[in-house]
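Look for chain A in each of the two complexes below; its partner is chain B in the first and chain C in the second.
Let's turn to the complex of A and B:
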């Protein structure tokens, strides 16, 4: 069994506990244990912090990594924003001795030192590269045949390309393969790689603009015949789920398109019931989806 | 060596380059205190005629038998001062140069006191070395009156014609079945708009007819040995499976050949047969059978086809030929950047995204569409065309293999494409997304104005991405208009990516064979970027055209002619003088261990049997005097002339005296 320190981030545990629950439960099927990560703080948010002061952003991120280094455990996470903060902090501080020295001088205030001894992994990366689509497929009890999935990769998972290890940042396939392993169909839609609209502080700063972007994305997904949106980021998730309510209020457009985190979709396919996956906590009802699957 | 050493030291001011930082008078006085120094003086410009005369006259006046000039880098004026020493009646190798400019006053100009200390160290060391130097005599070797040109694009063609016209036997080697290179793919040439083939084919024909040129197409250089004046070159003539002397170019083999595969010449936009010539104007007009796709149906050999000519032979082997030449010109051209790696532009994903060179074929009358510009998805004439300039050039994205340099041809050929679109398709609007329009050549800026007036639209901004409408196959180009400061989106029918030029893959092997190096950008390294851009650091090997760096046709032709002129110099002189700075083996002490064979980067050391004992020897002409063998030799049997152990040790000892 491989153990990871499970970095929850802020949005999943506070807004979508089902994302957290589904990640822990589905991973156990592959002998992966996501342990409580004691003492972890906010990642911190890459757009808000990273654009203000890179060193402070890296130092706060590195503090979380240091905690895991003390336990000798790699970190697993389920949020693209956390991924950007922690993966990049880890990646850059390992590669750049000057930057590392700067950050370590900040960490010295709390007697921490970044060693560079652990890895930071997104759960989707672990599922694809360590578990593999074949094993994921073997774990399926309820194949999601006929389900049209609009995949939303999310920006921070793939970009900037030079700080990532997924290969293609414009036409990636790994997430599609993992969805297709569940029996579902990953549909192509216009501007598939477009942002959800929330990131970079846009959702907090200019809601109208953020929703306008999400609206276009939702329209394109609907046009392509999507039954469900599947993401790997609680912030994208919030934007595409809660955003539908806000879009209805602001623009009057109605989609009622259910939104699932990949681990929730995986849980469904592994035969878990909707309550244990926290699907009832979503703003947009997943009922039509359940009707289609079950 | 027993003769008393009398060294003269000459300190150069180099204007204020040296004298502005350190006290040259004090340095000269210091030099006088050094052992063996019989005379020391300073002067404003030692390299000037009076400066040289000063050295010459001082030698006589003070009865000197060695000289040290403390001035700039020996790369600049070592030959000047060697000559001045020689004129004074002293062997020119009894001169030593102390670099107190590049390595001292330039780099330490903020710390004059320390610079002075360093200047003293350097002068002391060179005086010590000069006291140990031995007279040497340069060697002269005869030069083969023939040249080799590798690559028969416009650069190689031009260089060969120049050499041949100068009366030099020239072997022109081309790896493809025809000469012509990339220029033969082009439709028109900027800014004069003359037809590329029309100006190129006469030269191609000249090559074929010139009695001094021996054309070897479908051939590659396999091995090179020897040195300037005396290169032995082995050339592999790949089998065409067709006897060139029998083939009359009738093309019947091609007519009956049932195989169809993409034609490389047309970048795969058009099919060719397994029996083929790459394009109608090919030189030589001899057919080639591509054995990788041939199905050996024998139709081409039949009565209806080659028949009695019996030009085709499936068992015809490759042939190896060895030629002896005095100088070599490398003219291996370029490749196009693999713009598929820029995923955001969707090349090879979207039907209607093409590259600049594909556009050339689409415009060309001999191209796949007979000169009708159509978009690949539906064969319709495009009414709006987006151009992405700097596609892989001026781009620091190493991840995608993009190049930081300017490719120098893309702005101009895109302007030309824009003109041709406007001319050929009424109402068609070209949109050029550019960073800067670099129209630097003669009549280029005027051409830019002309396209502006004709209706070309220019948007200053890099293209962030291109998306495709899955139904109409139209493309949406997204960019930031940096002049308006706003994002722009534009729907167009066709996109042309003006992709970068990159060093040719095929040049890599030659680099090893000819001991050439490349600059950080990957292009072959010239001897001097400004004053000697057509020579290399390997004597007798020259560069022509794009293999040295991006340039357009006029510059390639000028460069090629320059390379030909440079390559003909040793041939016309008939002999070359070799620096006596080479290693010599004391065969008494050589144990024949072959260590020196392994370490020599120039292949200059060899093992021979002398008096039934294996001993090493050094080919004086090939040796570059790097000294690697000397330091590696376990028995101390190799002496590096002009850099002997004693000479180097004396310098080190003199340096240590300063501590």
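Let's turn to the complex of A and C:
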């Protein structure tokens, strides 16, 4: 049994609790326990907060990491935005003594000190590199055969590539392999690696432009015959799920394309019911999807 | 003397535009590493999903930053970058143009040129620890999937929020927020 402090961030626990619940439930099948991470806060939002002050962003991220260092636990998380904040803060502060000194001088005001003693992992990284697609496949009880999945990697999982461990951000395969391990088909679509449009504070600054990017992605996914969008980031998830309602209101375009976080798709393949995965809390109905696979 | 002024870039001025040679050094110090290496190939602008539908031109931002044109800080399009990092991953000079934009936004924030939408996110974090706080409808959804009404974060342990505000205070962000909120009323 490997235990991680489960860093929740904001959107998963406070908008899509099914993502949080499904991560905990599906991980147990692989002897991974995602435990309560007491006192954690917003990562804080990298695009919005980093844009105001990078040192404050690093210090607030480091505060979260320090809490986990005190408990001697590595951190697991399920959001690309949180990944950018905490993975980069951890990585940069370990690698750059001058930056570490600067951030620690800020943290000294609250009697914290960054030690560099824990790891920060995205759950999709743990599933691929530690558990592996084969074991994921063995956990499947309801194969998702015939399901066309449009994968959305999301930007901050992979980019900037020099600050990550996944290699090329142009044509990655690991997420596709994890989806295919469930019996589903990962379909190719135009501009697959394009941003969802929400990041950098743009969704709250100029929503029309943020949604215009999402609209292009949704169009491309639909054209390629997608049954469902699968993501690993609750903020992309919100942009692509609730965004469809906003796009309908603002631009009149209708897709009704269900959106699932990978952990929710994994939960379905592991035989969990849609209610315990929180699928009924999504804006876009998942009924067509359920009809296809159950 | 005018001729000496032309040799000293600090005094260089064309029309109303001031050229500040320290701007690019500030950008690099705030994380926009190697920004001075930009040779204006335009791979960034060509790769930018936002540039295709707005006035954001990453190459122009990089040029203005390198020339020290501080009016780039007043450009509302500076805040349209979604920070997707496609430009940075494709840059043949390995410049993190996204981080250069973030650095320019940091400088603009100090000059209180940050959009109020950003200040609002700071306000939510300052108050609750979360940029996107919980709400009643979500509490019900949490219980339905077997979770407690509130996550075990600052929502359950608000005693941790004072540390967050201390960090906002010592980095000067709290003051910027208070002043901008007062001015917007």
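We adopt the following convention: the second predicted complex is superposed on the first by the 294 of 294 C-alpha atoms of A that agree within 3 Å, B and C clash if a C-alpha of one lies under 4 Å from a C-alpha of the other, contacts with A are read in each partner's own complex, and residues count from 1 in each chain.
FYI, a contact is a pair of C-beta atoms (placed from the backbone, for glycine too) under 8 Å apart; a residue touches a chain by one contact, two chains touch by 3 or more.
Computed from a predicted model, the values in this text were never measured in an experiment.
S.K.: With chain A superposed, do chain B and chain C clash or fit?
M.R.: In the arrangement built by aligning on chain A, the partners chain C and chain B clash.
S.K.: When the two structures are overlaid on chain A, which partner does A:32 contact: first (chain B), second (chain C), both, or neither?
M.R.: Touch partners of A:32: none, neither chain B nor chain C.
S.K.: Applying the document's definition of touch, where does A:21 land relative to chain B and chain C: first, second, both, or neither?
M.R.: The answer is second: A:21 touches chain C but not chain B.
S.K.: Applying the touch criterion given at the start, work out whether A:161 contacts chain B, chain C, both or neither, answering first, second, both or neither.
M.R.: The answer is both, since A:161 touches chain B and chain C.
S.K.: Is A:106 touching anything from chain B or chain C once the two structures are fitted on A? First, second, both or neither.
M.R.: After superposition on chain A, A:106 lies in contact with chain C alone.
S.K.: In the overlaid three-chain picture, which partner chain does A:169 touch, first (chain B) or second (chain C), both, or neither?
M.R.: So A:169 meets both chain B and chain C here.
S.K.: With both complexes overlaid on chain A, does A:54 touch chain B (first), chain C (second), both or neither?
M.R.: In the superposition, A:54 touches chain C alone.
S.K.: Taking the superposition on A as described, I'd like to know which of chain B and chain C A:41 touches: first, second, both or neither.
M.R.: Only chain C is touched by A:41; chain B is not.
S.K.: Looking at A:190, would you say it contacts chain B, chain C, both, or neither? Reply first, second, both or neither.
M.R.: First partner only, chain B.
S.K.: Looking at chain A, does chain B or chain C touch a larger number of its residues?
M.R.: C
S.K.: Determine, for the stretches 277-285, 331-339, 439-447 or 457-465 of chain B, which one clashes with chain C when the structures are superposed.
M.R.: 457-465
S.K.: Using the superposition on chain A as set up above, list the residues of chain A that contact both chain B and chain C.
M.R.: Chain A residues touching both partners: 161-162, 169-170.
S.K.: Chain A touches which residues of chain C in the complex?
M.R.: So the residues of chain C touching chain A come out as 30-31, 49-50, 53-54, 79-86, 88-89, 94, 96, 98-99, 102-103, 105-106, 109, 114-115, 117-118, 120-122, 125, 129-135, 138, 141-142, 144-147, 151-157, 159-161, 163-164, 166-168, 170-173, 176.
S.K.: Which residues of chain A touch chain B once you look at their complex with the stated criterion?
M.R.: 161-162, 168-171, 188, 190-191
S.K.: For chain A, which residues are in contact with chain C within the complex?
M.R.: These residues of chain A touch chain C: 8, 10-11, 13-15, 17-18, 20-21, 36-42, 44-56, 59-60, 63, 106-107, 109-110, 112, 155-156, 159-162, 169-170, 193-195, 197-202, 204-206, 209-210, 212-213, 275-278, 280-281.
S.K.: Using the touch definition from the top, list the residues of chain B that touch chain A in their complex.
M.R.: That would be residues 343-344, 346, 349, 397-399, 465, 467, 470 of chain B.
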